[in-house]
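Common to both upcoming complexes is subunit A, partnered first by subunit B, then by subunit C.
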Partner chain A sequence: MTKEETKQIVLDIIADVAPDEDLTNVKPDVRLRDQLELDSMDFLDIVMELRKRHNIEVPEAEYPELASLDSCADYLTPKFEELGK
Partner chain B sequence: MAFQPPRIVITGIGLTAPNGNSLAEYRQNLLNGVSGVQKMDVRYMGECLAGICDFDALKYQKRKEVRVGTRAGSISIYCAREAVTDSGVDWDNVTKDRVGVYVGTTEHGNVETENEIYAISKFDYDTKFWSHYHNPRTVANNPAGEVSLNLGITGPAYAIGAACAAGNLGLIHATQMLRLGEVDFAICGGVSESIHTFGIFAGFKSQGALATHEDPTKASRPFDQDRNGIVVSEGGALYTLERLEDAQKRGAKIYGEIAGYRVNSDASDYVLPNPTRQAECVRQALTAAGIAPVDIHIVNTHATATPQGDIQECGALREVFGEGCPDTHINNTKSFIGHSMGAAGALELAGNLPSFDDLTVHPSINCDNLDPQCDLPGLVLNKPRKVEKVDAILNNSFGMLGINSTLIVKRFAA
Partner chain C sequence: MSGLAAGIRLAHFGKKVCIFERHNAVGGLNSFYSQQGRKFDVGLHALTNFVRPGVKGTPLTKLLRQLRISREEFQMSEQKRSRIAFGPQGETSLAFTNDFAVFEAEVASSFPTQIDGFRKLVELVRSYDDVSLDAQPVSARQIVREHISDSLLEDMLFCPVMYYGSAQERDMEFGQFVIMFKALFLEGFARPYDGVRVILRVLVDKYRAAGGERRMKCGVTRVLTAGDKATAVELDDGSVITADHIISSIGAPETERLWSQPDQNSASPVGALSFVETITILDRQPAELGWGDDTIVFFNDSERFDYAAPQERVDPRSGVICMPNNFAYEDGRELPEGIFRCTCLANYQQWRALPEEDYLAAKIRWYSVIQDSARRFLPPVASDVMSAATIATDMFTPRTVEKFTGHLGGAIYGSPRKHRQGRTSLKNVYLCGTDQGFLGIIGAMLSGISMANFHVLRG
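After this line comes the complex of A and B, so read on.
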C-alpha cells in the first residue's frame, strides 16, 4: 500500500460521506475541514467507513491524525500494511 | 358574548402522493382513476404491494442532507417547501420564531432502526458498527426537526404521534396553536415513510390485513366484497395555516376554512375500531363546526379495505347521516393511493379540497362488487360525480389504540 493509494481510499470515503463536495482539487497538505464542508459527524463517518470497509480502528485520541490527506496517509498507511495490504 | 376564536384558513398545500407530486397532478389522477400502487421488494418478505412516491428529494436538499436524514424528513421538507411556495408568503420576511411546524406521524424510527440492525448483521451484530446517526434519525420529532433545519424555522417544531389519525391531528393541532397565539404561521399535516420498514408489512400480514391482488392497481379496494386488506404507502401532505385576518392582510389565496374538528378515543381495543365512538367523533365535530349532517357535501372515509373496518365505519356514518342527506357524497382516497398512514388524513383532505372549485367528487375506485354492508347512500363509486354544490368537506381518520379524528373544512366565505 502506497501513501497515494491510502489518500485515494480516504477520498473515496469522503466522496460517499460528503457527496456534494468537489474533490478534484483537494490539497493534500491542507486540513480537510478548511477546504471541504465536513463537520464532526462526517469525521465519525470516515472513521466508521475505515472500520467497515478496511477493518481499521482509529482510537478517538488519534482522530487529529485524520486532519489532512497527507496526515491520513502518514497515519493510515502503516495500519494498512499491518493488515497485509 | 361568548369567546369567538380566530378563524383559521388554509393558504398553501404541498404534497407527495404515490400518484402525484403536486396538488394539480394528484387531483387529476384522482379524477382520472389513476392508482399509485405498485410492486415493491420488501426486505425479508419479497414482493409486496405499496404506494411509492417519486418526488425529487434533491429539489430542496443537498445529497448529504438526504444521506444523513430520513425519508420522512425528505418527504416533510419537500411538502413544507412546496406549501410555503404555494402560500405565496414572503418567506424571507416571515419572522421564523413565529412559525410552528406540526407533523403528524403514525410512527417514526422503525425504518432507521431496521436499517441499522440489518447493517450490523453483516458484521456479526457487532454494535461498534452501529451508526452515530441512529439517534437523530429516530427521535420522534425527526420529520419536523428536519423541516426546521431546512427552512431555518426557530419556532416550535415537533411531531404529533396519533397512529393513522395523525394527518388530521397535524392540522387540528396547528389550528389550536394559531388560536392560542403561540405562532402566527403554521406548517402542518402528516407524513409517512412506512413502506421502508418491513415490520409494518409483516405486522399487517400476521394480522391477516395485508392486501394482495395480481394487479397492484386493484389491490386497495374499500367497500368491495372481495377486499382483503391494506396497501401500505408512503407520502405526505403539509399545509400552511394562518389566522384569517393575517391571510387577508397579505391577500393570500384561501383554499378553505377550518370549520370544526373532534378527536376522541375508543378505549375499547388495541386494534379493532369502535363504530359507536367513531359516530360520536363525527357528531361532535359537526356540533363544533355548527354544521348539520345534511350540509356536509363530501365525507372522505378512512376505510382501509379491511373486511371489518370498512363495515364499522359505514355503520358509524349510517348512524350520523342516515337516509336524510341527499347532497352528502361519500368517497375514499385510499382506493387510489393505499394507506399512507400518518399522511393519510392530510393527503386525503388535499385530494378533496379542489372540489370547492370544480364541484366534482372524486370516486372510490376498485369497487366491482359493493359489499351490501357498505352500501351507504351517497357513495361515489368508480367514476367522479358532478354535484350541485360543495360547501363543506368532512374528513375521517382513525388509528390504532382507538384514536378517532374528524376534521371539517368549509368553503371560505368572507
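After this line comes the complex of A and C, so read on.
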C-alpha cells in the first residue's frame, strides 16, 4: 500500500460520505475541514467507513491524525501494512 | 420516522437491528392512510428545512449525507408562498417564501419601527448553537422581547413556530424556537408530489438494503430490566427479544411506562397540546376558487395569540391552513384534486370523554366551525360554491392521534420536557424523535441519526 493509494481510499470514502462535495481539487497538505464542508458527523462517518470497509480502527483520541490527506496517508498507511495490504 | 433513520445508521454500520411498529403503516406521527381510494397525509403539511442544492451545513444536507440519500430521491417541490395573517379578517399579513429576503421586506414594511430589532434577532438565531446536546433552557418569549417590542409582531413570529413544533403552552425554550425559526423562515417548505409516503418509502428501502429487520403490527408492551439496564423487550404477541441497546421513538412518558408505573413527579409529563384537523377534498384546484397561491396560512383573530390547550373542544381563533396544491411541482404538474386542510388546537380530555355517537356529532359540528373560522383568512367563496366543490371530507381529533400513534393525550409534539441527550432512567435505553427535541420531519430524522451516533456507534 502506497501513501497515494491510501489517499485515494480516503477520497473514495469522502465521496460516499459527502457526495455533494467537489473533490477534484483537494489539496493534500491543507486541512480537509478548511477546503470542504465537513462537520464532526462526517468525520465520524469517515472513521466508521474505514472500520467497515478496511477493518481499520481509529480511536477517538487519534481523530486529529485525519486532518488532511497527507496526515491521513502518514497515519493510515502503516495500519494498512499491518493488515498485510 | 426517527426510528427508521436511527435504524438505517445502525444497520449500515453492521449492527443487528430490528424495528417494532405497532401500527400497520410506518411513519408514526408523519404517516398516511387510505380512505375510499384516496391517500391522506397525516402530520406533513410541508417538509420544513428545505434548502436549494449547494446550500451546506443545514439539517437537510446533514440528513441526506448521514443516510446516504441523494436529494433527488425526496422529490421535493418548493412552496409557492405562505402567510401569517392576524386580526379578525387577517388585516395584518406577513408573506414569506423560501427566499428569506421576502419575509424581511414584509416585516420592514408592516413594522418599520421593529425592523432593526428583528434583524438583530435573526442574527442571534443564525449564530445560535441549536443542536447542542447540553444547552440550558431559556425562555424564547423573554429573548424575543429583548429585540421586538410590538406584541403583534412578537405573536406573529411565535404563531408558525409554535404550531409547527411546540409542546409547551404559551412559551417555548429558545433553542426550540431557533430550530423552528430556521426550519420555517431561514430555510423553507417543500413537498413531494405524492406526499409523505415518498419520504417513507425512501427510508424503508434504505433500511432494508442496509440489512435492517422490521416487524409490523407488533408493539413493545414491556421493557425487561436487570438493575439499571434493560435486558429485553416483550412484544404484543408475548414473545421476548433480547437487546444490547434500545432506542425508543414512542415518546418519553410512553417509554418510561414500559418499565415503571406512571408517576406524577415524572421527568416527562404528558403533553397538554393536541390538535384537530379538517380535510376537505375539492373538485378543483384551490386557486380556481379564487384562493390564490397560498401554500400555508397561519392565522389568529384575537388580540393576543393564545397557544394553549383550549377550554372548549377546539379553539378556532387561531390555526393553520394548508393547501398542498400550492407547491410548484415539476413541469407545472397539478394534484388531481384540491386539498384544503385546517388545523386548530384541541382539548384532549373533552374529545376523549365523548361517547361514540356524540363523538361523530361533535366532529360534524366542529368541522363547520373550523372551516368557517379559517375561511375568514382567504378570499370569500359563497357557501353554495364551496359545498358544490366539496367531494369528500375527513377530520382527525386528539382521539385519532392517540389511537394510531400511541402518543398519550394525543400530544403530537410530545412532552413539554425534552431530553436532548436522549437518556432515560435505564442506561441502555435512549429516546429519539419528538421527545428528544429536534423538531419537524427533518428534525425527527436527525434525532434518530444523532441518538444512534451518540449512544451506539460512537460508544
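In the analysis below, the second predicted complex is superposed on the first by the 85 of 85 C-alpha atoms of A that agree within 3 Å, B and C clash if a C-alpha of one lies under 4 Å from a C-alpha of the other, contacts with A are read in each partner's own complex, and residues count from 1 in each chain.
The rule is short, and it goes like this: a residue touches a chain if its C-beta (ideal position, glycine included) is under 8 Å from a C-beta of that chain, and two chains touch if they have at least 3 such contacts.
Just so we're clear, the structure is a prediction, and the values are computed from it rather than from any experiment.
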Broader residue contact with subunit A after superposition on the shared chain, subunit B or subunit C: C
Touched partner set for A:L83, first subunit B, second subunit C, both or neither: neither
First (subunit B), second (subunit C), both or neither touched by A:K52: both
Partner chain in contact with A:P19 - subunit B first, subunit C second, else both or neither: both
Touched partner set for A:L44, first subunit B, second subunit C, both or neither: both
Intersection of subunit A interface sets (partners subunit B, subunit C): 17-20, 37, 41, 44-45, 48, 51-52
Residues of subunit B defined as touching subunit A within the complex: 62-64, 67-68, 123, 128-129, 131-133
Interface residues, subunit C side, partner subunit A - complex: 13-14, 53-54, 56-57, 61-62, 64-66, 68, 70, 449, 453, 457-458
Residue ranges of subunit A in contact with subunit B within the complex: 17-20, 37, 41, 44-45, 48, 51-52
For the subunit A and subunit C complex, residues of the former touching the latter: 16-20, 37, 39, 41-42, 44-45, 48, 51-52, 60
